[in-house]
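See the structures that follow.
In what follows, chain A forms one complex with chain B and a second complex with chain C.
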Partner chain A sequence: MDSKITIRIDGELVKTDRGASIFEAAKANGKHIPGLCNMKGLKPVGACRLCMVEVAGVNRLLPSCTTPAQEGMSVTIRSARLDAYRKQALELLLSERNHVCAVCVSNGHCELQSLATALGVTNVRYGYRYPKLGVDLSHPRYVLDHNRCILCTRCVRVCAEVEGAHVWDIAGRGIHSMLTCEMNRTWGASRNCTSCGKCVQVCPTGALAEKGFAVEEMIKRTASVERLTAVRGGGR
Partner chain B sequence: MGKKIVIPHITRIEGHGKVSIHLNDAGEVTSTQFHVTQVRGFEKFVEGRPYYEMPSITARICGICPISHLLASVKACDAIMAVRIPKTAEMLRELLHCAQIVQSHALSFFHLSSPDLLLGMDSDPRKRNIVGILEKHPDLARDGIALRKFGQLAIERMAGERVHPSWTVPGGVNAPLTSDSRDAILSEINIAKSIIRRAIKLFVSIIDRFEAEIESFGNEPTMYAGLVSASGDLRLYDGILRFRDPAAGGTIADVEDPLDYANYIGEGVLPHSYLKAPYFKPRGFPEGNYRVGPLARLNVAERCGTPEADEELAEYRQRLGRDVQSSFFYHYARLIEAMYGVERMEQLLNHPKILDTHVRARADVNALEGAGIAEAPRGVLIHHYKVNESGAMTWANLIIATGHNNLAMNRAVDQVAKRFVKGERIEEGMLNRVQAVVRAFDPCLSCSTHALGQTPLVIELYGPDGEALDRVSTDCD
Partner chain C sequence: MSGQTKVKLATAWLDGCSGCHMSLLDVDELLVALVERVELVYGPLVDTPEYPEAVDVALVEGAVSSIGDQKLAQTIRSKTRILISLGDCAVTSNVPSMRNTIPVKKLLERLYIEGADAAPAIPTDGVPALLRHAVPLAEVVKVDIHIPGCPPAPGAIAHVLTSLLDGKKPELAGLVKFG
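Our next item is the complex of A and B:
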């Protein structure tokens, strides 16, 4: 069987590897689909709902990171409808927890913030929930601030799939979902954490950060983790 | 039947304030109250946050003097890390602070108070603002704008942003000064100096017009507090917190360790205001009434420590005496301090080590408690934090410059109202003087309650049975 397939993205015919997701197919052809949870080298989970695309013949939107590209498929990745949905998804993320950019270590280097800017989110149309969430400062080098977590699970996956420590998981359901360390231990009490810091580097926001960094100082080294996963063959 | 006047919004100050004036049957003032009407809750909601986030969070208390909060906060964080920061970092922080003092003093004198001083307390309130100054005294208005710009641009050149920069961090600053920025700031020093010279000359020339105001603008004996060096020079970024009581013959207390402040400063609560009323503990409440800010600093210090400011200080003391009591002269003191600020900037910028690249110390939590004291433009600013072993904030106490002056401002309002407010009908000019005395202190009410606000103040006139008889809200009721 031919290892390449042909699909149509926004009307343009492009070739891509058989087995690639729509997200990967678009990327390989220089077309950008926004996303916050997907990351090269980690298994896709479709958590953030920002990479939704329209597929001809399917009457609902599909997450491009978890949908394999198929021969003859016609995909729309930019449309007014998609823009509206993506904006809405982002506003819901922003209203869910306490994202205060002005005092955040990641201000200016935050994927959530950049995407909000790119999508033109100038205000949030939903009431903020202002949940009272804690900050876990128990680890000697790193800090977890639940207020800034968007539950993308990059940290969960990089720790389990690349580092092999599986410190992180998601506890609870729906709006009560929370990142949890080893069955609800504090991070400092973790028995598996190797303090490698990969979870910190892949975190798209300031939820996971190095301690002692002042506002705007935390610049994540996502690319080096991506290179590492390529070398180790993690994910796909 | 007596009356009560309420000024619901004091204008041309930072934050929201209100004054109530109670009158007796004869229309004479019996009592007054200065209220600050918001609460913001910073001390509570920072609990649980990492201590090193405190500078950026507390800087949001104010948009005019965020640098002061940043500095008091990073100093408290330095104490929690138990580090001695590099000398260059210390100089850079002081440099930034001086630039802020200059811009804030320019705002207070030129933009907020010069309309009262130059157009007259009784002039048309619609014109009594910076726009009116632009019409009548365009050169002065331009000077004011240029001086504030000098300070703000210097801050931007050093720290990258004019408001809420992230340059100052626990342990120092996050980037060294570049030679380009140094040269750019230095090139504007002389212009700034000449603006301040002109302003001092102008102020001195109009003093005689304000005899009645000088006599009644908070002209009561109090103690004074401010930072000084070991040899008694004026200090704005760091120093010994000195209390001076002219009635007791001079210095009555020196606080060397910032954490000791609590042995000297108690915090009283006034039932009619959200603004706490700090007092000098050994004297009790409310006898321990003291003032802070430019007037107090010049009373506490022996000298400024820079040539031109010292010359001006000598003349100031020749005119007014060693300890200046009338709060009207906050304006004069503010201008001398602005001169000190510019001269000190020049000294620091010419220091051979100012471009050194070692500007940050790093450490974890080494002490569970720390306090930082700096001089905000309005006076002594204290940040006091407690953290747990992991560095999470467990408790915070912030004593803001305007708070120290609360008791003195209440007394000053009382004095001015008793002198100028009479009868059933309130003349606008009477009430403007009540507001002007508040303006003399250059209070930042949004800071002092850590409360958010737009501007003004309200005055209400009440009868003895509590009936509101008149109400003046200058422009944004």
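Our next item is the complex of A and C:
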């Protein structure tokens, strides 16, 4: 069986590896699909809903990171309709918690913020929720600020799949979902955390940060984690 | 917009730090060109007690935090053709919203009673009551254009003003960052 398949992306015929997701197929062919939860080397989960695409013959949008590319598939990754939905999804993420960029360690280096800018978001059309959320300062080196978390679960996956410690999980349901450390321990009381910091580096926002950084100072080293997963051959 | 009558521009300062007004002044030499075409009719930069009628464009800085902010925002909306939220506090409620998880009574007691060195009392005379939440301008009135940024880049403000003066729709892509 040929290891390559052919699909159509925005009308253009492209070749891609059999088994690749639509997201990977697009990336391999130099086409960009926005996304916040997907990361090379980690198992895709389709959490952020920003990589939604249109597949011909399917009357609903599909997350491109978890949808395998199939021979003969015709995919639209850029359209006015998709732009509108992606903007909506992003604005909902912003309205859900307290993303006060002006005082955030990740201001200017934040994937959520730069994607908002790239999608042309100039305001959020939904009422902000202003939930009262905590900040976990108990770890000697790192901070968890729930106010900035978008529940992308990159931290959960990198810790479980790459570091093998599985410190993080998501507790609760729906709007009450929260990142939680080992059956609701504080991070500092964690028994499994190796303090490797991979969760911090892959976090797209200022939710996980190193201590000692002020506003705009926390620059994440996502690429180094991606390289590590490539060396280990982990994930996809 | 004809060259005969000047465009009436108002600015307002709600719950913000005045940084957006500083950014407005930072448009540098454009100010000279603006003076030719614009009449500044209201705001912290001029001395007008009442918000005038038939204003063409209003730039509003700051979140809506108090009953006073809310009333002024409503007045501005009813008397202005194009209402612009200027900067992150007006657009997202930004830093002023950081008090939103604390009930107003508790917040004022902490500051003015527990935190007071002398004469502990919550001020009521001449200060408008705080709203439960500091909210973006667009949650109170209809906003026509948003210029995000903390503060917004002078270039973005200049682009919006010159576009409007030339009767064009401002295109902010590439000129602003969100948050």
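Note that in this section the second predicted complex is superposed on the first by the 236 of 236 C-alpha atoms of A that agree within 3 Å, B and C clash if a C-alpha of one lies under 4 Å from a C-alpha of the other, contacts with A are read in each partner's own complex, and residues count from 1 in each chain.
Please note the rule applied: contacts are C-beta pairs under 8 Å (C-beta built on N, C-alpha and C of every residue); 3 or more make two chains touch, one makes a residue touch a chain.
Just so you know, these numbers come straight off a predicted model, no measurement behind them.
Just checking: does A:Glu216 make contact with chain B only, chain C only, both, or neither of them? Give me first, second, both or neither.
first
According to the stated criteria, A:Gly57 is in contact with first (chain B), second (chain C), both, or neither; which is it?
Touch status of A:Gly57: no partner.
I'd like to know which partner A:Ser138 touches here: chain B for first, chain C for second, both or neither.
Only chain B is touched by A:Ser138; chain C is not.
On chain A, which partner's contacts cover more residues, chain B's or chain C's?
Partner touching more chain A residues in the overlay: C.
If you stack the two complexes on chain A, which partner ends up touching A:Gly174: first (chain B), second (chain C), both, or neither?
neither
Touch check for A:Gly188: first (chain B), second (chain C), both, or neither?
A:Gly188: touches chain B, not chain C.
Looking at the overlay, does A:Val121 come into contact with chain B only (first), chain C only (second), both, or neither?
The second partner, chain C, only.
Taking the superposition on A as described, I'd like to know which of chain B and chain C A:His99 touches: first, second, both or neither.
A:His99 contacts chain C only, not chain B.
For chain A, which residues belong to both interfaces, chain B and chain C?
Overlap of chain B and chain C footprints on chain A: residues 102-103, 107.
Would you pull the chain A residues touching chain B in the complex into a rising list?
102-103, 105, 107, 134-135, 137-138, 140, 143, 188, 211-217
Tell me, which parts of chain A touch chain C in their complex?
On the chain A side, the touching residues are 94, 98-104, 107-108, 110, 113-114, 116-117, 120-125, 127-128, 130-133.
Any idea which chain B residues touch chain A in the complex?
Those residues of chain B that touch chain A are 48-50, 52-53, 55-57, 60, 164, 166, 169-170, 174, 362, 364, 388, 390-392.
Quick one: in the complex, what on chain C touches chain A?
Spelled out, the residues of chain C in touch with chain A are 85, 88, 91-95, 97-98, 100-101, 133, 135-136, 138-139, 143, 146-148, 150, 172-173, 176-179.
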